[in-house]
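You will see chain A twice below: alongside chain B first, and alongside chain C after that.
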Partner chain A sequence: MRTTGLATPADQHRVSSRLRNLALIIGLALYTMYAAGPFAWVALMSLRTTTEIAADPYALPWPMHWDKFLSAWVDSNYDVYFLNSVTIVLSAVAILTVVGGMAAHCFARYTFRFKGLLYFLIFSTIIFPPQVTVIGLFQILVEYGLFNNRLGLVLVYVSIQMPITIYILEAFFARIPNDLFDAARMDGYSEWEIFWKISFPVALPAISTTIILNTILLWNEFLYAVVLISDDDKRTLPLGVLRFMGDQLEDVGMLATGLMIAIVPVVLIYIFFSERLIQGMTAGAVK
Partner chain B sequence: MSAVDMPDKKAQGTKLRAKALKVRDHANPASAIATFLLPALLIYAALTALPVFRTFYNSTHLVVPNRAAEWVGFTHYIDLWTDRIFWKAVGNTLTWAAAAPLLEVSIATILALALYAKVPFARFLRVAWFTPVLMSYVVVGILWMWIYNFEWGALNTFLRFVGLGDLAQAWLAQPDTALPSLIAVTTWMWTGFNMVVILAAMSSLPSEVLEAAELDNCGWFAKLWFVILPLIRPTLLNLIVLSFIGKMKIFDLVWVTTQGNPLWATETVSTYVYKRAFQWNTFDLGYPSAIAVIWFVIVMIGVLSLTFLFKQSDKVEY
Partner chain C sequence: MAVVTLENICKSYVAGEERAVDDVSLTIQDGEFMVLLGPSGCGKSTTLRMIAGLESITSGTLSIDDEPMNAVPAKNRDIAMVFQSYALYPHMTVRDNLGFGLKRRKIPKAEVAKRVEAVAQSIGLSDYLERKPHALSGGQRQRVALGRAIVRDPKVFLFDEPLSNLDAALRVSTRAELVRLHRELSATMIYVTHDQVEAMTMGDRVCIMSKGEVAQVGTPMDVYLNPASTFVASFLGNPPMNLLPCVADETGVNVAGRHWTGNTNNSSPGTDLVFGIRPEDLVHLESEDGANISGEILSVEPLGAETLIYVQTQADDQPLIVREGRATTAKLGQTIHLACKPGMVRLFDAQTGLALTPPTGETP
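Right after this comes the complex of A and B.
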């Protein structure tokens, strides 16, 4: 009975669903190109010299110039920027974890006067636009001699990440059963020991989430760094990269290498701790 | 009446206080609470609350280096009213804050659905889509300046390759394409993040509901429209608010790529505050503080009204 290929309704249905699948696959492929293409491109360019890139910006890196990483590191002050970023970010994250953990433990464990108000005050700063603090911060840090000072930047970083840290940790601490604390109290633990020996170890998953989240956000931070740091040897990596761009606008190959140095640590953290990181980043979005 | 009540209340008050003094609250020891809270509160007071007050104070003063701040009343606010660059910046930022959440959340929903329906290579795709959000805006900015480069940028090369070479242009150098180009960059960055959140919400949907929908012979689209989307609605609305807040703050990307050029086409409130405070040699911190205060109020109103709006529409539907 069959006359032409597409006559029966069943055939038409199959063809249209195939077409739909094809459209879906093309759409996803295009989006993947848009999402991952730029990163792949800069990764390829980071291994090629500017002359090679000028000849053909989209060729494969052959031969691979791994030595470019060394020369970016040594000749362009990247070692200084990298070290600054590492010290500033790690100190800020360490202080944040302890101070934020203590406050979160306090909010989760005890009842006291003005608790709701204090929590609201701290938490509401999450939605503050940074402009409203940055000018005042600049003046205050200048007055206290902490402007253009790595310690000043560390303290500012602690203050900007404090609300989200307390928010994530408080939610976790509040879920630890109270019996655990009562038992510890019976055993004669002091309040500090309860925090340090019980809350902290039990909440380690949440704590590592905040550590990873804060590390990545502060590693990439730019606004406060650009306002509060002016000496070249105190610059963090994002500032260094920008300065490098100002100096070597035409040296695309070298710049790409510089960008890769800034990206790689974050990507490594993502590869090893992706679940924790995603938990941290989504904590604010899913109430 | 009050005269009769008063002593009574007073007595009650002293009794309570005596009780509080006598019986120490063992579950809530004041000294421990103080120790745990103090460091966080000090940092908060010194580096968040104080700067905010300082900015509010600045906004009614002329703040010039090496001179005492001089009270000028609301002159800055009045000047602001006729500052055309400021209004241009407000317009740009609001455009960004309105367009970006819709783009990000809608594309992210489609992508999440694709992963939810288990397309092949889902794991790889998830990683590939998510990665942009990990990069610093500085890195992203430089990278996209290359992509938008007129001669050898990836976008123009692609357009020429598929035969649309007429469309090739200097994307960041023209007033009418600069802002949309930058919005495309934030969309590139944040869609993957939104997708991951939406996917998590979809994966935690109760399977009974979805199975019931299938038993009712519900088509794919009907299932999506009448079952999945209403159930993940709170997540979607949260993401919209989050993205809105992020775009109202946007600074880094603009600063790295265009610095507000061309012709203020990409000027945002943040970049304008920065320019007025630290770059133009006006040496006055009062005027940018006034901008910051106004913007603070606008962001608050925006966030509160979005939250209110979403709450209202929830009430209507359920």
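Right after this comes the complex of A and C.
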């Protein structure tokens, strides 16, 4: 009888699965460091002054300069940028969710004349890179008095994100069984009520997905904002970061502080909706 | 109180193309349990959906209590429907599912709660009111779907194959429950199914449909015993009615090399007819004397309570099926002699497939 080594196949199996887990954890840890490293670095720099950073880029923030956040917020107009970003992005996302949801509901549920053509027209806009459309948009907004106007930017944001929103929601709505709508009709509800009471709540996972996607993309949007807004007090957060980037000199410390202010809401929204985001992405995968 | 009348109802999805429902006329009496029965694609579900208002009516008139309903939207017809997939609202609890239709009708909250509780009690789901559909079993979901219809107290109940997603045992008990429900509510019910056992056991009357048309309407026993056409004869019954080609003569018909004496409804001698006899109406004879049909036994299937005997006759490639008791003497390869029970032979026109009317009876 052997006294050393692994006694049973079950033990061997347990050890090998532990080893595999260990390898996985190490792999994941390395990837997380790679992915989150720059973020952590900016977070550390946001608490240090530019002079400190210049002296030693990778040192720990000691002492911590929390006052930099206050000075960015008050002295560098970040309170205004933040408010602008919140208003513009919230309005655009709200319109996108409601109008996109309705459009997706119609595309998924009803047959009507020119449906195919309409669908094609909406989606064909995806193929143009923003650099191509931005000049045309600039002209149009100037024409209608919407240049350098927050409403104008909201409308542009709605139009650029609408196709992908409809696309995601349509795919989800199409999977809701038709009987559900027939049942609601028999229960006495109109098409309008059915959209709000059945389609919308049932598709909540997909709707959350589009909310997160649109919020993150629009919150970080730079190109349209920089072209279509000129007044400082109408700028959004990504433009605010520009303040600290001079021609000759960059205030790296303040830049990091500004970036952190811009990132925090996105992280919060992600945490709040992520459960639903995952549901949305995996919905229908497992029945 | 609700009488549902269909007059020459037609439905075509694309103008000019084949009709999904073709000239259906049918009256469902107040408190009647009418079953629409037929193979898939026969138009029974489309007919039901037209009654519900979920499908437009191409031509013809639908009325409930003599009031035309063609242009009335589904929500104003006061009809409840139970769907095959149950169609429970997945984001609502059982309580909200049951009360959803009532809320729309502006019924006071207290009244809604009272009715929901009462219905939940009657379908045995009182303890599950706060659950969502995904946390219920198939049978429970089915009962919620049923409860959702009952709670509205509608004029007419529609059922679209409500039992087909249940397992066999549950199907039998739910069938009994539906019959009980119909007795209690004495409401007008229209029930679509492709399962003839459901049709036979539940319906006051059965409407058999084929290719969008009504093939026959009658009580379950009536359509079973006196099928109006070869389609009904071969669709109803398991195994179905035996149909053999035969030729009329002066006193009866020549079938499978033998003679059957009986009324051929004045068919001229030499006319091609179809000879129909149910498997249980064939009697196994000991000798050739008095036999109407003879043949070789192809196989014997003992099913426990009964035995099915497959017989090859001269008349047809299709084997004839005989239903015998458990204690049969039939053996594979034997020649079997069969007599038809008096009054049970049905004759059909070979061209049209329609029964020779009046139902054929033997000469004394």
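Note that in this section the second predicted complex is superposed on the first by the 229 of 287 C-alpha atoms of A that agree within 3 Å, B and C clash if a C-alpha of one lies under 4 Å from a C-alpha of the other, contacts with A are read in each partner's own complex, and residues count from 1 in each chain.
We take it that a residue touches a chain if its C-beta (ideal position, glycine included) is under 8 Å from a C-beta of that chain, and two chains touch if they have at least 3 such contacts.
Bear in mind the structure is a predicted one, so any value in this text is a computation, not a measurement.
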{"item": "First, second, both or neither for A:171, with chain B first and chain C second", "value": "neither"}
{"item": "Which of chain B and chain C A:132 touches, first, second, both or neither", "value": "first"}
{"item": "Chain C versus chain B, contacts on chain A by residue", "value": "B"}
{"item": "Touched partner set for A:36, first chain B, second chain C, both or neither", "value": "first"}
{"item": "Partner chain(s) touched by A:187 [first = chain B, second = chain C, both, neither]", "value": "second"}
{"item": "Partner chain in contact with A:198 - chain B first, chain C second, else both or neither", "value": "second"}
{"item": "Which of chain B and chain C A:80 touches, first, second, both or neither", "value": "neither"}
{"item": "Which superposed partner A:44 touches (first chain B, second chain C, both, neither)", "value": "neither"}
{"item": "Touching partner for A:90 - first (chain B), second (chain C), both, neither", "value": "neither"}
{"item": "Partner chain(s) touched by A:179 [first = chain B, second = chain C, both, neither]", "value": "second"}
{"item": "Set intersection of chain A contacts, chain C complex versus chain B complex", "value": "185"}
{"item": "In the complex with chain C, residue positions of chain A that touch it", "value": "177, 179-180, 182-190, 193, 198, 201-202, 204"}
{"item": "Complex contact set, residues of chain B against chain A", "value": "26-30, 32-33, 35-37, 39-41, 43-44, 46-55, 58, 63, 107, 111, 114, 119, 125, 127-139, 142-144, 146-147, 152, 154, 157, 188, 191-193, 196-197, 200-201, 234-235, 238-239, 242, 245, 248-249, 251-252, 255-256, 269-270, 273-274, 277-278, 285, 288-289, 291-293, 295-296, 299-300, 303"}
{"item": "Residues of chain C that touch chain A when the two form their complex", "value": "49, 52-54, 73-76, 79-81, 83-91, 100-101, 104-105, 148, 152"}
{"item": "Interface residues, chain A side, partner chain B - complex", "value": "24-25, 28, 31-32, 34-39, 41-42, 57-58, 99-100, 102-103, 105-106, 110-112, 118, 121-122, 125, 127-140, 155-156, 158-160, 162, 166, 185, 191-192, 195, 216, 219-223, 226-227, 237-239, 241-242, 245, 252, 255, 259, 262-263, 266-267, 270, 274, 278, 281-282, 284-287"}
